[in-house]
Structures are given as structure tokens and as C-alpha cells.
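Structure provided below as C-alpha cells; questions to follow.
By letter and in written order, the chains are A, B and C; residue numbering begins at 1 in each of them.
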Amino acid sequence: MPRKKVILAASFGIVFAYCAVALLAPVIAPYDPHAITGAPLSPPDKDHLLGTNDLAQDVFSGLIWGTRATLLLGFIGAAIAVAIGTAAGIVSGYYGGLIDEAVMRLLDVAMTIPIFPLLLILTTFFRPGIYLIAVLMGLLGSFQGVRVIRSQVLSLAVADFVVGTRALGAGDGYIMARHILPGVLPLAGVKFVTSAQHFMLIGIGLGFLGITDPSVVDWGQMINRASQNGAMVLGLWWWLIPPGLAVTLISLALAWLGYACEDEINPRLRVMRI
Amino acid sequence: MIEVTDLETNFSTGFIHRRVVRAVDGVSFWIEEGETLGLVGESGCGKTTLGRSILRLIEPDRGRIVVDGTDVTALSRSELRRFRPRMQMIFQDAYASLNPRMRVSESVAEPLKIHRMGSRADIDRRVRELIDEVGLNEEHLNRRPYELSGGQNQRVALARVLALKPKFLVADEPTSALDVSVQAQILNLIRDLGRDYRMTCLYISHDLGVTRAMSSRVAVMLEGRIVEIGRTADVFDRPCHPYTQRLVDAAFAGRACTPPERPPLPAAPTMVEVRSGHWVEETV
Amino acid sequence: MTNEALLEVRGLKVGFPTPDGLVRASDTVDLEIYPRETLGLIGETGSGKTVLGMAILRLLQPNAAIEGEIRYRDRDLLTLPEDEMRKVRGREIGIVLQNSGTSLNPVYTVGTQIAEAVTLHQGLSGPDARQRAVELLDAVGIPDPVRMAGEYPHRFSGGMRERALIATALACRPTLLIADEPTKGLDAVTKRGIVDLFSEIDRDRSVLFITHDIETVEDLAARVAVMYAGEIVEVGGVREVFWDPAHPYTRGLLASLPERGMRPIPGSAPSLITLPPGCRFSPRCGCAIGGCNREHPGLVEVGPGHYARCMLYD
């Protein structure tokens, strides 16, 4: 029990720290990440905590500013995915019948679409800005969650308390918002955390392939440029490793958060009666 | 007050082989104002479906239902929603009939909020009145269903339903999950409140003893149809239909020596009036 | 009928530690079951009757605090080593648990599950065990037993499932059968069938019939014990206890039956963590006298073989 609380606290702490860094980037970062500051490819020293890259930009500042891109993609994408997925799941599960059939068939088709390649194609051709990428990821990633939400809604929709509220004269919208939605929020919350982790990694991947917005500093980009400039061979560890570590850490934190929340949420509302 | 004519509710299952189950198969009866009609039968006879069909919580496929002068079957969805306060239901599992996340005060206030019956202060006041009427007190207001016992939850469910001052109440086995002494408390409460609110009641149960105590008339249901209906004392003391006899034997009489055979089901059921107000399905 | 008790419970105390305190589910219970009799054990939710049944076969959760003695055939069941206890379970003492819905494994056929009981204790296997399973299903009144033995539990109705569970419990011919709420949730006709079945069962063995359904006990049992808040408050012959109840709780319970007037007992059962001082029923008792809420009464004889835990008879 206490171990779980420690993990929960630690992961929350890490996520919170990342958010703080992202918000306070202009304050924390010593330099503008795009600015040329001193000699290129120089190792860390007192002026540049993580050295400089091939364009003599400060790596540390890049790392700080890169937090924004990662978190943005992760959280906005997850928010959109969860919002659409939950809404679809609730409507589909609550109404049943033709609406449910239609949504399920649509989902069958949609889920055959490979998300990452599609995302690749869209971003390569249209070169959207970072916000648009987040929206796209959210849209494409919303399909997965619908089924899970829907099955929870199916059991909620026939529960006596829902029937009873309908008997009181409540409209469908009211019931869905006031009774069904709170019932699926825990599931949706967990989905949000895991989706955020997933999307952050995809975002890094896109950055690595050089497809994201070049005007935004992105850890994936940094890793890409570092390896292209022979960081492995030349031993430019200060450029190559920190972004990778940064991604790993937030990814782990979110994964732990997801597991810990799942455990918390499931047994809580069940009470044993002897 | 309540008049049901030829009600039919079917359930179809199966995707390839469509099977139709006639849960409610042509049921007709009436209930006088202020009267409690008991509805008994084995599990699966359709009595729960009948109760929910009358309230249109399950949509019936055919038939007419008149509640307090209004043809409920002809109402549109929004008209039905506005009419709902006049006809309410309490369920067997009180714990399941309450949202586990909502506190008692919220659950009881909900119907008043949905129909916008007064300001927040008015609603608060009415909630306190209702809680008091059902025998709970202030300390229960902030509790959630899992913190209360079955009997207490059923009281909350009653308060919720009474908030709308219904004229017709369907009670679907409200006490079968409760202990005997708690059952007595709740049933007395329902009886008293029924009198105070002048409600007409349909009391569904598989327990004949309880039904006898609660209803002035009773209907016996078998496989979707009513096979006998009449004054409770008459039906239970001098049952006419063989199925009723079987139920009464099982519930009230001593040990049966051999398990009785199921009576053959009549081909085309017709109801015959044996005595005034006492109808029996004709057996061939 | 010998006077030697088949099962004797002495001073049984069962407690469950919870974050809120120790739940005293069973507090110093003394009970005897004689050969070839059905003892009814009546009580409402939280009275401790299920715990008592489970304690006899040591089926309670590992962190339960159990004290006392349960003598069965010159052995104290509570001190038996686990492998000895396993031989008692099923073979000498059988149990039909509550909640028949989850008592059968949905992925095995019913016949297989009954045969399992036979295989475990009597060494029969394969076609012999299956044959026995079919015989048992027939004996408990399941129609078309050969076919039903090959069916899965979901095809069985509530009453039939109960019968199948009884068949499993009887498979090894135990001398004592503990039945925990066998008629719960069943409608009147099905209930009658199960009661009839039990009246056949108790011809050759003892039955501890745990229930909150008073009428079925009246039909089946010779003696009955009434439990309240973890204690036995009255015990005696069925006729005496039901038609001339001594303890105010028993009287209140009977009065709350629909056929006897449906007069409720005011208040509700006490928490098993913080019990009221003195007599546990005194806060709700209409006949409480001065000492009732101070002194805890013991079982007092109020008639031949009829005992009640009440100050009024001291």
C-alpha cells in the first residue's frame, strides 16, 4: 500500500515538474534556443550546462523549451482523443439500437486505418503547425477508447438508478451528463493518462523523422540532428542523451500514473456485504 | 384510475434465428383510485416487465394504458416526460436504484431539480420534509448508498419518488431483498405513505404472504398472461385456476407429498367472470 | 435417537479485524446438533449465522480470529491439522453455500463438477464418477438428469442450481449437511420444491439449516436457534419457540411476519464493532427492565429444552 502511494506521488511530482518547466521556460532557460551563443559542438561548461549543438545553440535551453512541444502534443492530443472517444462511447452505449450499430460499424472501419503511417503522410504533405498535429493525433487516436467506454456505459445504462431517473422524468441529455458521464470519468481519466504518454512518444517520433514544425524546438528533432551530426561517433553525449532521457522519464511517470490510478479507481466503489 | 387494455410487450433475441418472447401477452386489468392491486407469479412470468411497461420504461408493443384519465400510450416522448411525475416506481434492489456517487440529499433533490420545482431553498426544505416522512434523519443526508443499510436505502428511494407527489406507484418487489423485520418496517411505511399521499398502487411480488397483507385485490400472472384476478381473500382462500391453487399450496399449505404437475395451458385463453369483480381464465 | 450430540460448538468466538475495529461476528456461541435432526438457525443479516456455518468447516478468511471449540466425533475441528480437516470437509460434513449464482464454475458442466466431489473423496473416476453424478442429480429431483449432467450452469434455473449444489454436497454421503440460505431469492413454488427435497435429505443425516426464512424452518426443523448480533438468544423445539417465544426479539421477529400482523421492530441491529452494553437487544426491546442495559444475560431455561437469553426469566 505505501509503495503504491510513493509511486503515485513520485509520478505526479514528475509530471508536475515537467509542466512547471514548460510554463516557466522563458524564465528558466538561460538562452533563446535558436540563438547562436558561442562555439558549436562544445561540451558542457559553466555557460552552457549541456554544451552546444552544431549551430552553436545552447542544448540546455533547447531541452527546456522542448518540454513545451512534448507536453502540448501529449496533453492536447489526449484531451481531444478522450473527449471524442468518451462522447461517442456514451452516445453509442446509451442509445443502443441503430445509433450503436452505426457507430460500431464506423469504428470497425476506422480501426483498420494504421494511425502512425496516416499521421506521417498527413504531416509530410501538409506540414501543419504543432497545434494542428495535436488535433490530428487526437482525432485519429480517439477510436481506441470508444469500445471500452461503451461497454461501461452499456452496464450503466440499464442500471436501476438510470431507469429510475428516467422514470422521474429526466431527459436523455441530463441522464448522460449527470449519471453516465461521472460513471465513466475514472475510465476516461486513465485513458487520458495513457493516451498522453502514447502521443508524447509519437510526437517525439515525428520530430525524429523531421516532420514536425521546424520553428518549434522538439526533443525528437534534437535527437535526430544529433545523430545526423555524428553524435554517436564523435561522442557528443551532451546533445544526444539528455533529450532521450527526458522523454523516457516523462513516459515512465505517465505510465506509472496510469497504473496507479487504475488500481485506485476499480475497487473503490465496491462494498462487501456479509 | 388505472386501466390497461390488451398490453403486449415482446422481446426478440437472436440475430439469425429471431425468437420472440412474449413477456406480456395481452394483459388487461384496472385499478380503482386509492386501491392497491397485488401482482403475483413465479420468476419469469413477466410481472416485472408488466410493471415497467405500464410506466413505459420498457416500450410496449401493443395495447392501451390509461393513467388518471390520460392515455399514456398515446403521449409523445416529451409529453411523457412531463407526465412522469404522476406515475413512479420503486425497485427491488434499493442500492442499485440509487446513484452510488450521489449523496442522499442530492438523490432526493434530483427529481425536484429536474422538474424545476422551486428555488434552491425550497428544494432544501422539501428534501428535509421528505427525509423525515420516510423515517430518516439529518445525519443521513450526507451519506452515500454504500454507507446505508438495505432498509435505509429503500427509504431514500421512497423519498426520491414521493418528491413528485405521484398518483400511481408501481412497487417491484421492494422488500424481497430485506430481512423480515426490516421488511415489516418498509411495508408499513409504504402503506402509511400510500394513504397519506392517496396513491394508487401496483404491488408486484412473488411472496403471497406479503401480497395478502398489502393488497385489496390481486392478479395472478403466468407466462405473460393474467390467469386469475379478484379480491385478495377470494383468490387466496378459494382459488379457481389450477395455477393459483399451486401457488397458494406452495406458499400457505403444509408439505406437498408429490410435486404437482403443471396444468395444461389453454388453447385460446378467455376470462370468465366467476363472481362480480372476480375473473378467472377459462380452463378447457 | 441417541442423546449424544453429533456436533458440539462450545464458546465459539469469531472476530474480523477491520480498519474501524474488531467485528465480533460470533460471540461465545454454544450449540449442539444431534444425529438425524434438522436444526434451524435463524437470524437476520449481520446476526452471525453464516459465519457460524463457515466456521464449523474452517472456511473463513485467514485473518479471522477464532476461539473456542467445535467437537465433532471426539475431535476438535478447530485444532485439526489442515490435511485432516480436508478429509472432514465434504466427506463427513458437507456445505451448500449462499449465492448459488457464483457457486458453480461456468466453464465446466454440472456433471463434471459433481463428479469432482466424488473423485476427490471416494477415489471414483471417469465413467463411475459420472454415473454417480447422474444418480445424484436424479435423487435431488432434476428432470432428465442424463442430459442435464452434460449442461453448463447457465442453463440451470435458480432452483435447479440449488439442487445441483445440494447434489454436490451430498455426493460423499456426509453425516452433517450445512445449508446456508438454500431458499434465498427463490419464488414460492421453487422454494417448496427445495423444502420438500430437504425433508427427504434429513431422514438419514443431520442438517444445519441456516436461513432468515422463518416459515421454511417451521416445516423442516425439529429444533431451532435464533441468533441476534452474534449471539444465540433463544433455542428450543420449533413448536415452543414459534408458538410460545420467550425472547422479545423472537417475539418481535414473529410479529413482523405478514401473516402475523406485520408489526415492525423499531430501530435497527447494532454494529458488531460497538455493541451496546448489557443485553444487545435492550435498545430496541419493548420489555426492557432496569438491569437490561447493564448486565449481559446468559441463556436461561424457560421450558424443557427451551432456553432464552433474557433477564426477564432470571
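Convention: a contact is a pair of C-beta atoms (placed from the backbone, for glycine too) under 8 Å apart; a residue touches a chain by one contact, two chains touch by 3 or more.
Keep in mind that what you see is a predicted model, and the values were worked out from it rather than measured.
Chemist: Hey, which chain is the most central one here, using CA centres?
Modeler: Closest chain centre to the overall C-alpha centroid: B.
Chemist: Which chain has its C-alpha centroid farthest away from the centroid of chain A?
Modeler: So the chain farthest away from chain A turns out to be C.
Chemist: Find the two chains joined by the most C-beta pairs in contact, please.
Modeler: B-C
Chemist: Whole-Å distance, chain B centre to chain C centre, using C-alpha means?
Modeler: 32
Chemist: Just how far, in Å, is the C-alpha centre of chain C from the one of chain A?
Modeler: For chain A versus chain C, the centre distance works out to 55 Å.
Chemist: Report, in whole Å, the distance between the mean C-alpha point of chain A and the mean C-alpha point of chain B.
Modeler: From the centre of chain A to the centre of chain B is 50 Å.
Chemist: Give me the residues of chain B that touch two or more other chains.
Modeler: none
Chemist: Can you list the residues of chain C that touch 2 or more other chains?
Modeler: Residue numbers touching two or more other chains: 45.
Chemist: Spell out the residues on chain C that touch chain B in their complex, using ranges where they run on.
Modeler: So the residues of chain C in touch with chain B come to 44-45, 141, 157-158, 185-193, 195-196, 199, 212, 214-215, 219, 252-253, 256-259, 262-265, 268.
Chemist: In their shared complex, at which residues does chain A touch chain B?
Modeler: 159-161, 163-171, 174, 179, 182-183, 269, 271
Chemist: Which residues of chain B touch chain C in their complex?
Modeler: 42-43, 149-152, 176, 179-185, 187-188, 206-210, 212-214, 246-247, 249-251, 254-256, 259
Chemist: Which part of chain B faces chain A closely enough to touch in the complex?
Modeler: Those residues of chain B that touch chain A are 52, 55, 57, 81-85, 88-89, 91, 93, 96-101, 110-111, 114-115, 146, 157, 160-161, 164.
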